[in-house]
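Labels A, B, C and D are assigned to the chains in the order they are written; within every chain, residues are numbered from 1.
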Amino acid sequence: MIVKQDQSDDRVRKVCVVVTARPSYSRVRSALYAIQQHPKLELQLVVAASALLDRYGNVMQEIENDGFQVAERVFMVLEGENPTSMAKTTGIGVMELSTVFLKLEPDVVVTIADRYETIATAIAGSYMNISVAHIQGGEVTGSIDEKVRHAVTKLSDIHLVASENARQRVIRLGENPDQVFCTGCPSTDIAAQIAADPELDFDPIERYGGVGKLKSISDDYVVVMQHPVTTEYADSRRHVEMTLRATSQLGMPVLWFWPNVDAGSDGTSTGIRSFRERNDAERFHFFKNMSPTDFLKLLLGSRCLIGNSSVGIRECAYLGVPVVNIGSRQSGRQRGLNVIDVDYDEIEILAAARKQANHGRYASDPIYGDGSAGIKIAEVLATCQLSISKTLSY
Amino acid sequence: MIVKQDQSDDRVRKVCVVVTARPSYSRVRSALYAIQQHPKLELQLVVAASALLDRYGNVMQEIENDGFQVAERVFMVLEGENPTSMAKTTGIGVMELSTVFLKLEPDVVVTIADRYETIATAIAGSYMNISVAHIQGGEVTGSIDEKVRHAVTKLSDIHLVASENARQRVIRLGENPDQVFCTGCPSTDIAAQIAADPELDFDPIERYGGVGKLKSISDDYVVVMQHPVTTEYADSRRHVEMTLRATSQLGMPVLWFWPNVDAGSDGTSTGIRSFRERNDAERFHFFKNMSPTDFLKLLLGSRCLIGNSSVGIRECAYLGVPVVNIGSRQSGRQRGLNVIDVDYDEIEILAAARKQANHGRYASDPIYGDGSAGIKIAEVLATCQLSISKTLSY
Amino acid sequence: MIVKQDQSDDRVRKVCVVVTARPSYSRVRSALYAIQQHPKLELQLVVAASALLDRYGNVMQEIENDGFQVAERVFMVLEGENPTSMAKTTGIGVMELSTVFLKLEPDVVVTIADRYETIATAIAGSYMNISVAHIQGGEVTGSIDEKVRHAVTKLSDIHLVASENARQRVIRLGENPDQVFCTGCPSTDIAAQIAADPELDFDPIERYGGVGKLKSISDDYVVVMQHPVTTEYADSRRHVEMTLRATSQLGMPVLWFWPNVDAGSDGTSTGIRSFRERNDAERFHFFKNMSPTDFLKLLLGSRCLIGNSSVGIRECAYLGVPVVNIGSRQSGRQRGLNVIDVDYDEIEILAAARKQANHGRYASDPIYGDGSAGIKIAEVLATCQLSISKTLSY
Amino acid sequence: MIVKQDQSDDRVRKVCVVVTARPSYSRVRSALYAIQQHPKLELQLVVAASALLDRYGNVMQEIENDGFQVAERVFMVLEGENPTSMAKTTGIGVMELSTVFLKLEPDVVVTIADRYETIATAIAGSYMNISVAHIQGGEVTGSIDEKVRHAVTKLSDIHLVASENARQRVIRLGENPDQVFCTGCPSTDIAAQIAADPELDFDPIERYGGVGKLKSISDDYVVVMQHPVTTEYADSRRHVEMTLRATSQLGMPVLWFWPNVDAGSDGTSTGIRSFRERNDAERFHFFKNMSPTDFLKLLLGSRCLIGNSSVGIRECAYLGVPVVNIGSRQSGRQRGLNVIDVDYDEIEILAAARKQANHGRYASDPIYGDGSAGIKIAEVLATCQLSISKTLSY
């Protein structure tokens, strides 16, 4: 492990966090606050990729409302929503982010999770001899994400993992145990705040618009958030239709959140639009985006969450919200008692949704963090060794 | 592990090998022949990056002389030879290679070793749902290469490793043991051929030109091949000067091979040019490139090899050529008895070079292959499962 | 003027036409047919940029229905819809199209009109020593298009212009008169076909879907097509609202066509969506796309066309359809008696729309072509000198 | 013409000058000084492309020695030196420069002359709604440069031309005469300084190194600077060999300057290296770069300049240095009595070189400027209207 010599001193470290999507922002918000407030750290926030695009829920406004200053905006998504355009997007990302890093001269760049653009940050940082810190490594799921996540781990110098399981896996991947820190997932920090003040004090439709025939939201509603699964492009329309049909039979209001950009989102989008055109869908309302806080409040008040979002695994473990988790997207991730797993199957989804809707809240489970992940992340970044080179520990 | 369904049938598999540098070509030549001749495989050879550039030894002529057809040429090296331009080169590589893969529609792409462009092939292949095979994973060295090599392993579906040690490491990195194949390094195939016909039957200066005052090559000469070490950019000039000074005191002809492109090659180049201008250097001759076969013959006839090339570790293990290995570039790689490791230090280098020059040939050691690696690689590619998705094995 | 020597012989010429947007395709369709059928020409059709994107009306299906084979698809639109992403899109276009031209080896590349991506084709062709033919040079309008159009003229070797006025301007720009051909605009070829068979033999809503409360289309309707004006980004929302308010007072069904991608389309889109949400809009129907033939039939049956589309200037001149042309986008283009020009002003638009709706059809005017432009273009491409270098004629 | 409203006020204008090659820097140095010193202007100097590369004479050191601060460095040259890599370099340039302009927010970008990268500045500036000023438009030469130069004129808003002939041509190209300013070429400003202090007060070999057998420079020497001609790629080796052979028969020392990067430079480089290896070449010395001032002093002291550099046409007109101008590169440029034009022919070159070497200095001719071009350029940039949109004046 080569430790950068000029890092041993006492000066403030510049921490460049690259946010490429709405869910990533939600997930790290508490860490951003903690970095911003840490006396030994300077936050450089870069907003990139689909986080900048209106149609996937432009997160810029939220970021500014939250009081953060954006150091750079990086447009890098090549339109097309197919495997080739995803690959090229990553290539463009490497080109653009290396310019940003040259300008900002961070001491450490922080990359989040496992989206396909995430690796662009890790590559640009690595080649430019900047320490790379990775939030949320060591988890096991399916799909292309799995390749990307562990490749990012191998490009990273500092690992900020969400659970003890994840820490063990990163170490088994040959990383130096001294550089692997179990901080919990910062997304649970927001969950902890919400749990402390659970009242739904706003009207979601009034505040966030969206489309649908639902006039207002009563007590008994379910929430759906279902992302396309990247390497199963052709199936994404069928997948979304299963969930649409199942939830339309639930007899409760369905608050549906539009997925973020990915190859396959097209099949998903078409499926939703087609369903709306051909069905009455009077109990459905479709949201494009929502602040993470408001979204969690809405979740906490719901009968259950249906779909394949990691929110069901993480935040809902803390919150005790019942979850129907569909398909392979979250497979391999440790889960609490609050989750029922089902296949892309109308009947399975419906049965599980009914069961969860009737169950009521589960007990809170701290497997993904105790509500102080952001503070722990900032502290690690302020005190860890900023290495830029390493060898396998075996 | 998701296995592509249409791969189970009996049709010929299209294997796209991306060669990005002269040494990579040398290393895989026997595998290329074996793929070309295999009845169940079709070779698609892509020549890219510095392999296309005259000043680093354009390998195109050699490839054509060897009877291969080049499917695509990909210019992707952004000039500058600094960390930013290396990062951007990788980004351009992803953009350009994804176009190539879209056109060639290979069943599997093969990426070689650990150069910074190598990961571009792995990323483009992964995102485009093409199986990625990696030659030479699982090794341990220093520098940025270390990050890239293991990240490429995590993006790859099929692993064609050089030694048993490497196989164990790839498996510990969480790869499915059924997809990790110890084929040996194809570079030892050439070494095996050379060892069978060792006579130096050509005049290297006459055939390859180059510059220097040496008129002819006598029996007692040494060979130098020293690459800049990527993350130690500023030191590369000092490094090369240590070797220049040490070898100028050896009292033997010195056949020096120009390094391939990398950040830092500039310090190296300047060091060499400056040395030539200020010194008499009458026993030095500088070559820009040489066919792999001729180079190994030259090595086999030498008193020893000095520098930090992997040839010293691999081919020379098989050939029994004494090696003075300088610095950290090969650290962590298993080595035979033929290697003495030294630091970037004029006195250490000189002492080790004298010792090795006096020792004579060592016994052949098959740790990196028995001369049939190319054939084994082709056989694996023809018969293995072409998966495109995977999960950690732990 | 340097004429490529190997072009003088008798072999078939490869003509690569790059289509980057739905309107461009409509405009050149008759030329594509004529090229495809010409015995001395081989058509290489490249579909690129927004022509590939679903949300701007994916033109691929139409192209295939029309019986053309697509040689290459080029994804090049960087998301963001702002001036920076437009510039970068052009840069990506040059990179990607040069790969395409290297592969297809055309004798001549054809670029169309004045969109911002158009210049990417001209630059890639010029640098690669391929003759560049430009359709629709020499026209005068406002905005960034004006810069791009004449810059493309200066990069082009062969000019296929729509009107005598345009021919005179291209020659005044210093082009060799022997290389400037007044073929008419191929868009008028479709208009000529439609005029020969004007019956509206389909239900547009049934065939093309779209959104709106209008159930069916009666005899008295107007059509709106209003594009954002690129250098007036901030004003695009206000512009669209003027037209929305004016047409909502017309008392007739309004068939509104969604604009194609451009910086500013966002303001336009937001304006439309917001209008629909806040107003009853019961006489509005919004279409995303329509085949050029069906669109012209719909136009021919309308009371008038409102907006800033070039269709109003060209095809409607031939068809005699009354036009209310808003703002500066078409300024400088020669026009027939069928056009009334107005400013972005609710009252002006409404007054002119009422006048035109009451006027009825005008006499046909051949200023932009007599219905044989496609055939003339093909003939020029088959017989002209394929130069690649030139000097000013003064 | 749309004039940016906020430009009418009295604030300091930010002028971003993009220098992409050594000769461009030399040419505009006096303008850079004048901009830097102008009270109403702020200079933003961007160094890009081959101006950053060591092997074509890294101009960074010179720039810093001259006291300029470099705002941004842009690596954009894709290695390969062929038409495809030139096109892609331009594409990369557009992508990278648009990032730079977004960051620097200049009021006007200045692009110089007609190199292939020049148009990248003009495109990025145009799309980003920044006024574009072009130095050295309106000239007539051959090759791809001709296309690029006039295309840049059509993308530019302000024209700073070198001669009255050039001014007339730019106006005939349809530009608004009020925006076309005949400032003279700033390269003549340096010539004017040199002419005032002509003594060769340094030893070029001692100061600039280079390679060759010449020990010192006597009074009677010639200077050669010959660039490859871009669209005649295959011929560049033959071209350089004609000049090498002719000058080797002159019987005088030959000071040869290495050409800057361009497609074809490879043929040129190989030709030179091959000549040096096979010939005695005892009267040759090869320089890689030289400060513009020193270069002009060396020229002023020479018997004549041989090659195809624009220096022969411009600066030498002012200085009265005899010139042998080879081939078509400068064809169409107005010239003084000091120039003899010849073809790529050993005998013609030799005869003309002998004639010029015997002639002695010609009278000074101010056709390209009177020595105050830099000051005039700065004054125009400080006071002109900063438009961003325009229409043809006819």
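We take it that a residue touches a chain if its C-beta (ideal position, glycine included) is under 8 Å from a C-beta of that chain, and two chains touch if they have at least 3 such contacts.
In UniProt terms, the chains line up like this: A, B, C, D = UDP-N,N'-diacetylbacillosamine 2-epimerase (Hydrolyzing).
Just so we're clear, the structure is a prediction, and the values are computed from it rather than from any experiment.
Looking at B-C alongside A-B, one finds more C-beta pairs in contact between the chains of A-B.
Across the assembly, the mean Cα position most removed from that of chain C is the one of B. With centres taken as mean Cα positions, chain C sits 52 Å from chain B. Averaged Cα coordinates give chain A a centre that lies 39 Å from the centre of chain B.
In chain B, the positions touching at least two other chains are 84, 88, 92, 95-96, 99.
By the touch criterion given at the top, residues 50, 52-54, 75-80, 82, 84-85, 88, 92, 209, 266, 277 of chain A touch chain C in their complex. Listed in rising order, the residues of chain C touching chain D in the complex are 2, 83-84, 86-88, 90-96, 98-99, 102, 116, 119-120, 122-124, 126-129, 140-144, 146-148, 150-155, 169, 172-174, 231, 331-332, 388-392, 394. On the chain C side of its complex with chain B, the touching residues are 95-96, 99, 103.
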